[in-house]
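By written order: A, B and C. Residues from 1 in each chain.
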């Protein structure tokens, strides 16, 4: 009787417990792999999740937002390129989050920060922001973002100015908005617009990861602005575009060609804007995936 | 009469407060508040909203646990275990019993909520002082209004628990019925408005009969969503006094009607 | 120290042709628990109800307390029907101990008794002196500060007795008061009942323990299958006590044949 009890205890301690400890670790490792290879997440449509939230829509919106942000963060830490499906999931998540709590500011800011720069979904970003404008009527940032998108990405200065003016009329908006609208109209699609905008975003973000990303992009854009300025001087002086951008440095318009922090090569686009072959996305990661 | 109702309420409340499970509920709420402090930094701007969301969720969920797992026992166990024979052999009328039990439950809920509110306010104030720049819309008065309406919502739930205890014979059935009523009450508005918007868009025709059924249900089951000021509190949106007044009146009149109905049924009940 | 609140002094209690049927389950056939029971309990007597399990003793007691309602027949206090008397006034004069009372787990004994006193409209001083006296008499004065869930079965029975008697009622109804008590406890309950009798209270109780019943009662009724089978009055009881007849034999004779 007694020996049997000792036997059971030994079995538990020497076999089952180590087995558990081993499998627990393995199982978690497995989950990491499962999560990494799982194509995209799935977010329940808002019509369902609003009901299923049982009165905790606000909390659920926080959770869904955190999930979308972690998903994106996960991919970017592992240097994985976001696929089209990934971006679909991300954009849809933000849409659901803002259906759950349309007053929540963070998803609008994140949507503006990522949907435009990283995946060129300008219309998706604008639609999201317009939803926010219906609710956050006191918030000048949302029309300001839409205005910027029109100036910089969509090259629609008229609509852009409209939104900028709307933003400027909201009480509590910063005084520079009115003059900014004018300056943006002047720069139009030039890189300087992006610099101004990013500086503004950077000043208002406390998330370290996002700050780093924006800082890098700002650096790249500042480089582009520098080149654009030199290019303008070159055109004014020589009456034509240079054969290659390296000529700007050789002929003294630039001390040296700035580095693209993303590691790409500078090119002149058809519309005269200076851009990089990196498209301001980490080149290394792109190679790794493809 | 008041003395008897009060005596029963006090006994009921004490019985609930000394229940060990109460510590579990309190611990749960404190855990969520702690989680709030930890998680706040993950967000970018709207820390005020996230903080208020989590605090109000902690309060209201703790309240639900309290009513469902402690409150139900306080009345249904009386009947289950026949303690009620002891009580009703004293000069209690059936109505006094119902109201005494109800006020005992409400007293238990209110005192627990008051305690949790102290912790919750401290958490909000703490996160507020950690990230003062990200609480732009926050307003203490709206926050407290939201807590008050959570308490009213729970008082309504207590009335539902008392009602079902009065008409059923087992605490388990009471639990199932009150939970079902709560779930219907809390989701009804969303479903109804969704169906209405679908009908307006001319999309789903088949749900016409479902809609009319739900509209009848809406007369029977209280709309718990009406008492939900969490979004307003999260963003410090202005509250119309008329809305608060209407909602409070809606809640109190429902409670009174339900307790009255419970008394009518309870009077006919026999206790073997 | 009678609390003469001036309410409904209990006089003779008449149980007149009571009927009560039960459905033991939702789809089961109704069972007749009490079938045409008539009893008279004069004021100031100790009335014992004996009978096998399921004889309808507890049901009768619950009908007396208005916890359940008779299908037919009525209970009268003096010559007034109980349904005509305000229930609260009647209950003010009644003390009831249920069978195996389940008390509130987390209250202390003192809190429970205070609750009983307040429910009957007693003042704080009245309650305090009465708690003192009763708990000493029943031997649980040492446990006043203890939570009730720590009580043994016997202590619970005593606490239930204190709960029933706290407001010094005119009519005391006890459902199996001796169950779960040790010999000392039984002796205590017997003395308590005799003292109540000396104070002129009416005591109505049911029990399985024939020897105690025989010793305490002025009248005894044997119930079986919801009917009154035998009733013993003063001269029968004298004969029992003198040892000439025995209640047990009578009981077996009256009930045994049907089982």
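By definition in this document, contacts are C-beta pairs under 8 Å (C-beta built on N, C-alpha and C of every residue); 3 or more make two chains touch, one makes a residue touch a chain.
None of the values given here were measured: they were computed from a predicted structure.
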Starting at chain A, fewest touch steps before arriving at chain B: 1
Centroid comparison with chain A (C-alpha atoms), farthest chain: C
Distance between chain centroids, defined by C-alpha means - chain B, chain C (Å): 41
Rounded Å distance between chain A and chain C, as computed from the means of their C-alpha atoms: 80
Chain A partner contacts - residues on chain B that touch it in the complex: 39, 42-46, 49-50, 52-54, 56-57, 60-61, 131, 133-134, 183, 186-187, 190-191, 194, 224-225, 228, 230-231, 234-235, 237
Complex contact set, residues of chain C against chain B: 22, 59, 62, 65, 67-69, 87-89, 91-92, 94-96, 98, 101-107, 111-112, 115-116, 118-121, 147, 160, 163-164
Partner chain B, residues of chain A touching it in the complex: 47, 50-52, 54-59, 61-62, 65-66, 69, 101, 103-106, 109-110, 204-207, 210
Residues on chain B engaged by chain C in the complex (per definition of touch): 3-4, 6-8, 10-11, 14-15, 18-19, 81-83, 85-93, 270-272
